[in-house]
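Shared between the two complexes below is chain A, which pairs with chain B and chain C, respectively.
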Partner chain A sequence: MKVQPDLEFIKSLKLAGGDTLKKCYQCATCSVACPLSSDQKPFPRKEMIWSQWGMKENLIADPDVFLCHQCGDCTEKCPRGAKPGEVLGAIRSYAYTYYGWPAGLAKLATSAKNLPMLIGVPALIILIFWFLSGAMHIPSVEEFAKKGYTNFFGHWDFKWYAKNIFFIVAFMVPAAGIAAFSIYKGITKMWASMSKNAGIEPTFRPSVMQFLTQFLVPSVTETLQHKRFKECTTNVDRVKGHLPLVFAFIGLFIVTCWSLFKQDVLGLIWPSLHGPLPLIDPFKLLANASAIALLYGIWVLWTNRTAMEAKGKSSRTFYDWFLIWEIMAVGVTGFGAELLRWAGLPTFGYIVYFMHLVSVMMLFLYLPYTKFAHIVYRTTAMCFEKYRESGFAKNVMS
Partner chain B sequence: MTDEQGTAGAVLVVGGGISGLTAALETAEVGNDVFLVEKSPTFGGRVAQLNEYFPKMCPPSCGLEINFRRIRDNRKIRTYSMTTVKAVSGGPGNYEVTLEVAPRYVNSNCTACGDCAVACPDEIDNEFNFGMGKTKAAYLPHAMAFPRRYVINKDALSAAGAEAVKAACKYDAVDLEMKTETITIKVGAIIWATGWVPYDATKMENLKFGQSDAIITNMMLERMAAPSGPTGGKIVRPGDNKEIESIGFVQCAGSRDENHLEYCSHICCMATFKQMTYVREQYPDAKIYVFYIDLRTPGKYEKFREERMADANATFIKGKVAEIVPEADGGVTLIAENAVTMEKLSQKVDMAVLATGMQPSLAFQGAPVALEMDANGFVITDAAKAMIAAGCAKKAADVVTTTQNSTAAALKAIQVSRR
Partner chain C sequence: MDKKYCAYICTGCGIGDALDIDELSGVVSGEMSMECKTHPYLCGKEGRALIEGDIAGGINTVVVGACSPRVMTSEFNFGEDKITVRANLREQVVWAEVKPAEGEEPHAEAAELLQETAADYMRMACSRAKKTALPEAYKLEAINKTIMVMGGGVSGLTAAKEAAAAGYDVLLIEKEAQIGGKARGWRKSFPTKAPWTDLEENPVDALIAEITANAKITVKTGTEVARIGGAPGDFRVSLKAAGAKTEWDAPAKVTVDEQELIDKGQKEDPNQGLQKYTAVDPGAVKVGAVVLATGWKPADVSQFEHLGYGKIANVVTNAEFEKLAKEGKVPANVAFVQSPGGKDNDKDFPYCNSVTSMVALKQAQYVCQDNAEGKAYILYQHMRTPGSMELFYKAAQLNDGIFMTKGSVVEVGEAGGKVTVAVEDTLLGENLNLEVDMVVLAAGMEPTTLHENTINLAYRQGPAFNDLSLFDGYADSHFICFPYETRRTGVYSCGGVRKAETMEEAVDDATGAALKAIQCLESTDRGVSVHPRSGDATYPEFFMQRCTQCKRCTEECPFGALDDDEKGTPLPNPTRCRRCGTCMGACPERIIGFKDYNIDLIGSMIKSIEVPEDDEDRLRIVVFVCENDAYPALDMAGMKRHGINHMIRFIPVRCLGSVNMAWIRDALSAGMDGAMLLGCTYGDDYQCHFVKGSEIANKRMENIGDTLSTLGLEPERCAAEQVAITDYDKIPQILNDFVESIVEMGPNPFKGF
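So, the complex of A and B:
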């Protein structure tokens, strides 16, 4: 076998938290320590030597890289301090950038140096929309108490579509759209590479229904239960942060959908449904419970990571922290805006609400390039893992 | 005979294993006075515990015996067993060393007739055999003990036992009133040949040592294979004495691991190849599995490795055992990833041998004086201070290397003493 090491790739792994990768001497302790490593396809030993040899093509299409939860069991047992868990994290970080579209934006989201741009551009866009909307004023205390943030972008009399919603949709949907398209391109490319590397030349493709029931639903169910995550021993505490976070996002997704449906569909029939939800509304309760779960979850992960870094068990990387910061920002500004509404402080409330919009837009826009991308890439890898073992991966003609 | 108080040219050798014996002899045969002290009741150290040793697969009697004879015949060497260094003062060329001699409870009248052991009703764990089997509380440390004199573990002796032991001795050699003695000597240089201890296997939690009789260490296998050992030389599974149909060697058990011993212990690969021959002699058809990271055969031993690897019933797996699971039938399952086939395998065996490494004794028990040491507790020679490292106190090494560097240490000590 001829190996042409990709030196740039090795260098980028080292920068992204995999600086210890060259310490590995292939004893394979990690593959046994890892609770997720299977007998037929053990990891992360092979990923370590592929990294040392700069074998990028193998790594970015290796489902095992994405199955890893970075629980740290391998790093704990490693006799050389090579930190395989951190190296796999660095490979994932590289892969998200590699699959990301547009490439410039993907690259931008990899470095703390670009933070002014990363924050500034969404902030500027939202500010421009605010000017365009012509609302541009801070409401009186009475008005604020009645309307909350629902007139942030102003109000018009066209009853079929609220002005506020129009403007929010005007920047959030394109942001989410870019992310969705980027992810679509990414996972398609990844699936093809994974199939090619696994030597799969299928005779039949699964139908959409078959794909859903046999691969996607079982994978998502597993994720919701955190079944694999809980198998970690060294750092199982992270489950305590990650699980509330997952449910918080699901809760907030439900609330957002309901709110949209209520205001834009039901609101057309019963105009009284516009305006902030009362506190005792079940959806408001869900929203607040989710917000608290989100803040709690991200706080656990924040402190956990700080502690791991203090112990030298993980490296401090932008890749890991950017997502923690983003989610913390979304949680703090969202909850803060609500508290300020209750406190009746319109100016301060509007500023925090503006920051909330910026952080939510960042979360959507950068999803495919940051650690957040794991929700799609890991799910894809979990599906592939099941697909690989299924009858669909067999070539019945040969 | 050497002046009890020592002279400026005298050399103290701490440790009476193969390194200490060599260093003492080489120094004394050049003409310097030597004090040779040993903590245990007998000289010979780790080599005495081996069944066979490199380079020629000799039993330890070959090699140790000639050295013991040279020591006995050399009037320049004074030997002290059961003796430790308590304090060192002064400077190079003029050290004053306080030695503490622990009571043996047997005086020089002893002829090693063994009547006391026969009469003694009390038993203790056999330390020489790493706790495999028992010995009487009045005992000869091992078959070729030097000095050839019994020793009594007074703490383990019952009142009846004390009476029985005293009554049994025809030579009035038992003296249970013996006290700890302190001796002060003057020396010019000190050679530290304090050797090594097998790394504590219970520290590798994933290897489950102590949780199954089927898990033993390489040094335990040496004792078991030795004719003077706990099983009379028969390799069987401790506990149920099952004959071995399959055996797994777990290389680098604690060595090359920054969580344990970060260095390569140098001898464990060769020890395993050697022990494969013990197993093969007794069990021509037993399956042998060797789990390794790299196979290191220093020096001229490459051929030795090739011969062992040609064994049709031996399998070599490139992958460190990272987990051992004790099984209900008394065996164990070894789990590792084979890095060559990229598969994780679980190999059930009757017995697992942990190739535990060497930890310098001083790292384990601490040095009596401030010595220059590396991060792992190996002594670094400081010629200016006349503190010289030898043998495995200096680095993990085999017997050949050890005797070579002990000769070098002797030369350094002589040079210092003649400044």
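So, the complex of A and C:
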């Protein structure tokens, strides 16, 4: 292999939380601690020297890097303070930026310096839409009690497509669309690099169904069970935060889908279905339960991370904290908006609801470039892990 | 000295309980006709007062039957003008008694046997006291206290500085036109203080300035030592211009056989045109001691053909790279190759050690300092960064532009103006192909003594140090615990000639060697020995009238202390002597001896041992024990109460090399049943304080075995064993096994003749 160390890559890893990477002296204690390591692939010892040598290509196409869920056992055991777990986090952060599209946006989402832009742009867009909708007024207490936030962007009489929904879709869907496209580009590129690096030249490709049943479903199931998380020793508390968070997102996803379906499809037939759900509605219950789970989960992760940082076991990075802040913002503003609605405070309610919209848009828009991207990249890596062991990856003809 | 004797037996520490003291003092006062007193606590204030009272009353030779002579040394020291002889009744008699195993009946005569052993030790001590004399120190008529430092590099300069600071005149000899040595070519030096991370200014310029300004130091550049004759306190140094050939160059050693061939004209005389080694150069400079700091030379690395040194322009050695770095010519991409071995050999370059590892770490930093995008690859099999230098390694590691991996460098080649390096078995899990501007090979540091005599002594045993092949040519005595010593008294080595080392180590080394030289001068001035018998005022005296010029003493002296004349008569140089007594052991005519240690004295001790006849339970075996390691090990065995057979009698000797075979014959002809030598390990990992003693003794014992068989005695009655000071738990077994084998052979058939 021809070696051409990428000094810029090393620098960016150091900035993204891998500042200790050069301390590694290859004793392989980490590989002993890590359940992902095998005799042929001493993980993450090899990844550590690749990082030291600036070997970007090897790292971004290494499924193990994405399979690592940073349990911290390696960092805990490292005799040199090289914090392999943190370095791997930095590599992932780099990889998300590397695979991210458009590159400018991906780069923007890597630094706290850009926070004004990162928050300001979505806020401005939503504000502009609010002005464009012509609905920029705070409702009366009675109106607020009846409609909640469903008339945030106003109301028109065209019943087939509510004005509020029109405006929300107008900015949320493009945001999610950019993210989806970016992710599609990212994971196809990653899959190709991983296959190339693993030397896989497939003769047969799995069908969509085969892919789903053999690779994707088992991977998702594993994620939901948090099996690998529980193998950690050092940082096992993280499960207590991460698991509620996962279920909260699933719950909120279901509620959002139902809400869309109910308001925009069923609402066409029975207009009375518009407006806020009653508290005893099962979906409202699910929504509230999910919101509480989300707040609890993110609070656990927040405190956990703060404690780890205080002990010097984790580095304080924008990469990690941006996602925590984002989720916290989504949870706090969402739940806050609901509480304010009950309290009958339209002005405050509208402000918080606005912030909620901003935070949700940010979550969508920046998903491919922030730590949130692990949902897709990690799942892809888990699929790849199963794929490379499957008959598809092994050249059965030879 | 008119000797007045008195013996004292201490009854403390269990001695009084185990022995019949009255009977024991009866042996002394009766058989040995020496007054004998007892005291329950002889090393205490009262005990000492008892002896001092007697000394005030005229006693000047004291026999103390108590503990080992290795302990209570100051308590039983009554001044330089008094003689004290110690009998080791505690560690080697009372504490060394064989106790019956559990359930076993004690020996029926156990008490008697112990009593007999104690009595023999008192007899030996008394005979020793009668034979010993007070030493008279050998003093030079005029002593020269100038210290000559050979070599003006960092070590030499430091040695000169330290010696001058201690008040001694220094003569500094440097071959090159300028002092400063190799260090003048170094851009930076390693960290010497916390946090041990940053390169430091090269200290050599400051050191040069300091030396040049020092009035106590005379610097002679462009000068070499042709020969060094004489002895500590009185060395005669012939100097010459560097590279010149003179009649005073040190002559090579010519053996007797070679001389014969030369005389017959069958061999060319290597010393043609040179003065004899004994000749005195009237133009010689006088000095008192020598510090050898001649340093090292970069090893040749062209033998490793796959590395392309000498063929590819940009493949250089570490020393050459340092020079380029000093001139500011550091390329941006550099590979540092630490081990040449290819795939099957993970050894570093010959004569490498931690220094070359650290040099690579230093030079890699130059690459990153001088080039914004500098990349330095360190390809190693071993990184050695001892002590605090681990922090230096860690700091270098943190540098983004330094890339390190263990790996086998299999090929260095050339392609498109670049140098290519192929590395296999790397930590990256892949074979690497590097493309760099320059490859730096970690060439080793060969000591100057590897290829040359360097010290150029005009000694009978030749101009160079002996047996340096044991140390790969380094001028290291390897006296285990004796750094800076060499096999030539008054010559102390330091710096690169002793070991591949950093400047900081060289500074420590040089300071140590300068102090050693000072110790030597002061000891010589007082007429006493240097290490390891520091302070010993005796020295070997020769009764020349009976010398047969057999040359054994001159050949065997481990320190080359003896020169000789044309006929082979030894010419002693007492200030070169370390007092081991190897010459005494060698001499077949028994004409060499010390005031307190000689053939007659030890012979009398042997003869004073009572040898019962016709008693299978009372065989007698004499064991000559080296004082340095074996004797303390025996004491420790006693402290641990490891039982030693009652038939054994120990006699301490200065070194096994000093054991004269006459003593073995004396012992056997006195009817003793066996004799053993107990001394240090020899060979590659020798531990002998006098380097050669135990090895020589072993050869002599093989020869005496032959003699015994011609007399009809079993050669197995004589044995020599090697032990270490830590072998106290093995020694009883070795001894008891030997006793058993003697018991099987039966008593000495000459007993009673």
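Definition applied: the second predicted complex is superposed on the first by the 387 of 398 C-alpha atoms of A that agree within 3 Å, B and C clash if a C-alpha of one lies under 4 Å from a C-alpha of the other, contacts with A are read in each partner's own complex, and residues count from 1 in each chain.
To be clear about the criterion, a residue touches a chain if its C-beta (ideal position, glycine included) is under 8 Å from a C-beta of that chain, and two chains touch if they have at least 3 such contacts.
Since the model is a prediction, treat every value here as computed from it, not as a measurement.
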Partner chain in contact with A:46 - chain B first, chain C second, else both or neither: both
Touched partner set for A:388, first chain B, second chain C, both or neither: neither
First, second, both or neither for A:226, with chain B first and chain C second: neither
Touching partner for A:22 - first (chain B), second (chain C), both, neither: second
Contacts of A:55 with chain B and chain C, given as first, second, both or neither: second
Overlapping contact positions on chain A, where the chain C interface meets the chain B interface: 25-26, 41-42, 45-46, 80
Chain C-touching residues of chain A, taken from the complex the two chains share: 1-3, 5, 7, 10-11, 14, 22-23, 25-26, 41-42, 45-46, 49-50, 52-55, 80
Chain B - residues contacting chain A, complex: 206, 252, 256-260, 293-294, 318-323, 335-339, 342-346
Chain A-facing residues of chain C, complex: 373, 375, 394, 397-401, 403-406, 427-435
Residue ranges of chain A in contact with chain B within the complex: 25-33, 37-42, 45-46, 77, 79-81
